[in-house]
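First chain A sits with chain B, and in the next complex the same chain sits with chain C.
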Partner chain A sequence: MSVRTRGYWLYLVPSLVLFTAVIVVPFLMNVGASFTRWSGVGTPRWIGFGNYARLLEDERFWQSFQHNVGLIVAMAVVPTAIGLVLAAALFDYIGKRFGPRTASALRAAYYLPQVLPVAVAGVVWGWLLHPSYGAVNEILGLDLDWLGDPDLALATVMAVMVWFQLGYPVVIFMAGLQRVDPAYYEAAEIDGASWFRRFWHITIPQIRPEIFVVLLTCTIAALKVFGPIFVLTRGGPGNATMVPSYFSYLNFFQKSNVGYGSAIATVLALIIIVVTFLFLRVQEREQ
Partner chain B sequence: MVRFRGAAVLAAAVLVLSACGSGSETPAPASSSQPRVLKLWHYESADSAMGKAWDEAIKKFEATHPNVKVQFEAKGFEQIQKTAGMVLNSDEAPDIMEYNKGNATAGLLSKQGLLTDLTEEAAKRGWDKLLPGGLQTTAKYDDRGVMGSGNWYGVPNYGEFVMVYYNKDLFAKHKVQVPATFEEFTAALDTFVKAGVTPIANAGAEYPAQQILYQLALTKAQKPWLSAFQSYQGKVDFHGPEFTYGAQTFADWVKKGYIAKNSSGLKAEDMGVAFMNGKFPMMISGSWWFGRVASTIKDFEWGHFLFPGATLSPGSSGNLWIVPEKSENKDLAYDFIDITMSKDIQNLLGNSGGLPVAADPAAITDARSKELIETFNKLTSTDGLAFYPDWPAPGYYDVLVAGVQNLINGSKTPEQVLDEIAKPYEDNLADIGN
Partner chain C sequence: MRGPGRWAVLAALAVLAVVMLFPFALVALNAVKSPAEYSTAGPLALPDGLYLQGLADFWNRVGFGGKLWNSFVISGSVAVLAVVLSVLNAYALGIGRVKGRLSILVLFLVANTLPQEALAYPLYYLAKAVGLYDTQLAVIIVMTVIQAAFGTYLLSAVLGQFPKEILEAAAIDGAGRLRALWQIVVPISRPTLNVLLIFFFIWTWNEFFLPLVFLISNDTQTVPVALAVLQGEKYMDATMSSASALLGIVPAVAFFLIFQRTLTRGVTVGAIK
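Now for the complex of A and B:
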């Protein structure tokens, strides 16, 4: 560290204190609780790795992680892919043909679900998907139990999450596209490149940092998803939509198994840290 | 000069702060004229029978305790259910609180030493005389937190039970009589199915479906089985005749169309609203719906009957008044409980669609309420309250929700579901040292 930058460490002190108090200490306390058998009240009993051993054998826990993979597809992969196409179309086609105002209005429309509280969105989707009077069945002329059928429930939640997440990548990608030098597109157009070739060879490489950020943040959101599951299915039917964060919550607050709930939360936090680390490493290498 | 002024300001600030500090450390002198505050939490909605009765009890308490202000906070059931342990272990605990009864709830808190032992008060104030035997079960917990014996850790002052609500107009339209036996009941269900009507409103994502399964198991159950299941006084065989019959019959009912196949993701509210909208001839659920059903249904006649063919029905005392161990005003909390037990509050509860435990029968003027209380008294006089299926183990509610959802969807066999619900029960038994 140079003498010139040493003095600036002082400015990091407030955030370091906050980070320690809000993140590090609770995390360490959680890790500590995960080595105990504890109902949340009274004296915790030290059981070492007992909760982790139990986790390894817990079918519900592993099942919940499988569901997480589906939710990563629904909350990160699909919205990123669709978001890229939509952002490019809004920026490159709608913006130019119908004016920037139309593009902005459409962008805001895609972003609207992100503004809605998840509880409100969940309740409304609950009505729309209701097997008896839901608008979705009415419009499609079907008679499906979208959230009550174990073969459909996870796919339905995934579809709702695509709707919920889509606006976020669209907004980020459109912001990214603003900084792309228009000369690239103009040159490509003069060379006779099609829209798809411009999208593939200019748009995607140019906004790669934004794509990384969106994929990373959405993957983390998918790993710790709780609200939509709580409102839509509560992990059911059966355990068809159980996810680790809801499973942890059940153990914490329903079963008073604070030690076991902490172990689930710790594993989840570690997985999120590893995923973040891997993403950042790949991104660094790309740059 | 500037430096001097700064030092003077600093010195003055230190003096002011130290004055504040010393002031706050000295406790204010206690005096008899200083008003006291009773912190009370409950989760009954204002328009429910209990909400009305407790509101009146607060007024009566303040009138009889002129020097006390009741600081009431309305809470949500889930809110208290999920956080009670932590709240009662903190300094934010109220002086008196409504709480759910059962081993996994009040029992757990009593075991953790968070609740005041009310045994002496119950005897001194006569609460033990006012509550018939079956209703005392949920008030007492032993040192393992198991209900039915030991000390008093809560006081219930109303009751609840599961019954069959029925739409009299739909019964008349399809020429169905109120069934007196289980055979007549299934015959009635068949009549509706043949006419293209799903007879029973259901909701698999919350408590209703599991209560139907439990009610079916209870048609084969006797008291010793119940004591074994709820109070661990014996071994429960989940593949024995009771639960096997319950799960098998429930699955059959879905296959036969008595219960809708698409009801697994529905909430209790969906079920209640569908029945109140006249879409189903029957709803098997608790007396907690009674007041709302009475005030909502305007388009058809309705009534209720006990599930035919069973001497036991899901039901119990109502929720409990508990006094947290950390309460600073226990004497006031006891006085408040006493008032909720008084005749006029109990009569108000009865006339508002609730099930009082100590009302004056002559004072219940509402005909429907009178009928409901008579049914309840019939059940309690035969010791027919069987509590609820999710009580025996913490977190068992979700286990049962998942189990019955699998039965409704047909994604698991009754045997597989029984295995699934047996395991957490056995795990809990191991936990409590049995």
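Now for the complex of A and C:
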């Protein structure tokens, strides 16, 4: 028996070597660097929890996490809520009355932004939102600096992210709905349940596993968000759209505060791991 | 709801679809306008004719063909290598059921969800130390490991269901483990492997952070990095911005159309990501 499993172990060797070199060692190096003052050249100087103490007092750091909360709303909560209504409407209403082709054409339209590289989506919106020649001001008859005004910038980024994310829950939820036994809906319809009651009492409970997966994956994506911030605002104006991932990037590659950047990245990694485990725990209890 | 009510629902959903697609339409419309036309008629007017000079100028200025090739080489290599690694791992974990398989799977899953910022600086430092900085090979190696971490997780579940009788029959016929993997497991799992291959390709194509950190010279950059870095530059005017947006959109939409079936079937599988 042990001989049998030993044989299979060999197949893990290439991955374990690469995995150690690319993930484990760099992650440990990052944690190690977070306890030092280091500019990236020369010898790192050990300062214990100095960077972490500094983080706690750094207003930019706290702000960046507040912005993350806003982005979780824009990337996870709002798309999930709208996505549920859209998926149910397409599956249970449009699909039945106008045919599955109409439903899948609409689904494809909502999904299309998702196929873009997120940096390219940022390029598109950077151009549309340009204060002097952008199309958004022209359409709305306004003269706003959407990304350059500190009071508007985060809300603008959030709106762009809703546009970008919306298609993902729609596709997942529609796929989930295929699993649901049509007899539930037929019985409810015979009982005279309104569309909204069917949505609340059948659709949502039935696709609860999908809702969990979407919320988890989108929350993690929102915590990690980097590309759209880099392309749209670079964290500005001021700190109006600063997020932890961009804040650590800034410290690594522009400010030469490698130790401080590592501390930010370590905290972000811990938060993501904790969020993942909490979600999986709740999901397990649900089932 | 009967009569006009159902049309109202359809109309509302159609309006939303138009809003979602509007940026694509605007990009296409304005990428074929001349700068003069854009400044007089604005972004919403229909183009007078096909003005392709803006696109051509942008293409040449950026060396866009080269960027496409870089993206293609990196994404293609990562897709193939990550599928190979995933299969090897899943063979050991899903079929071989080696000891500690659950902890290994959790480790792979955590690796896949880690923010890349928590690896970036050490990787940058190590790449410089071994002379791989600013090479596509560096991005290929790192992305292969990250994608394979997810592929292993997914494929182990699939191979865990693999019919044992077939493997036992092969063992009786004297097939070794490697032959059983190569001649039985891989061909039978081919549909799942194809889905993974396509996903890895597109995910790597869309990747931004690590390529931005590693690929700083013009010769190595990928499409998203080149477009994003250029965006802040001064010479980008309105028509050039729309041309650059169009060139970023077209390959992505093309992949979507080519792989549409696999993607919509596989997106639920990929939902775990």
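Here, the second predicted complex is superposed on the first by the 264 of 287 C-alpha atoms of A that agree within 3 Å, B and C clash if a C-alpha of one lies under 4 Å from a C-alpha of the other, contacts with A are read in each partner's own complex, and residues count from 1 in each chain.
The rule is short, and it goes like this: a contact is a pair of C-beta atoms (placed from the backbone, for glycine too) under 8 Å apart; a residue touches a chain by one contact, two chains touch by 3 or more.
Being a predicted model, the structure only gives us computed values, none of them experimental.
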item	value
Partner chain(s) touched by A:29 [first = chain B, second = chain C, both, neither]	second
Contacts of A:237 with chain B and chain C, given as first, second, both or neither	first
First, second, both or neither for A:87, with chain B first and chain C second	neither
Partner chain(s) touched by A:145 [first = chain B, second = chain C, both, neither]	first
Chain B versus chain C as contact partner of A:130, first or second or both or neither	both
Chain A residues touched - chain C or chain B, whichever exceeds	C
Contacts of A:229 with chain B and chain C, given as first, second, both or neither	neither
First, second, both or neither for A:253, with chain B first and chain C second	both
Which of chain B and chain C A:265 touches, first, second, both or neither	second
Which of chain B and chain C A:170 touches, first, second, both or neither	neither
Residues of chain A at both interfaces, chain B in one complex, chain C in the other	40, 130, 234, 253
Of all residues in chain C, those that touch chain A in their complex	1, 6, 9-10, 13-14, 16-17, 20-21, 23-24, 26-27, 30, 38-39, 42-44, 85, 88-89, 91-93, 95-99, 104, 108, 110-111, 113-126, 141-142, 144-146, 148-149, 152, 177, 181, 202, 205-209, 212-213, 223-225, 227-228, 231-232, 237-238, 241-242, 244-245, 248-249, 252-253, 255-256, 260, 264, 267-268, 271-273
In the complex with chain B, residue positions of chain A that touch it	39-42, 130-132, 143, 145-150, 153, 233-239, 250-251, 253-257
Contact footprint of chain A on chain B as seen in their complex	81-83, 85-86, 88-89, 108, 112-114, 204-205, 261-266, 270, 274, 279, 394-395, 397-398, 401-402, 405-406, 408-409, 411-412
Chain A residues touching chain C - in the complex, by the definition given at the top	4-5, 7-12, 14-15, 18-19, 22-23, 25-27, 29-30, 33, 40, 86, 89-90, 93-94, 97-98, 102, 106, 108-110, 112-113, 115-120, 122-128, 130, 133-135, 138-139, 163, 166-168, 171-172, 175-176, 195, 210, 213-214, 217, 220, 223-224, 226-227, 230-231, 234, 244-245, 248-249, 252-253, 258, 261-262, 264-266, 268-269, 272-273, 276
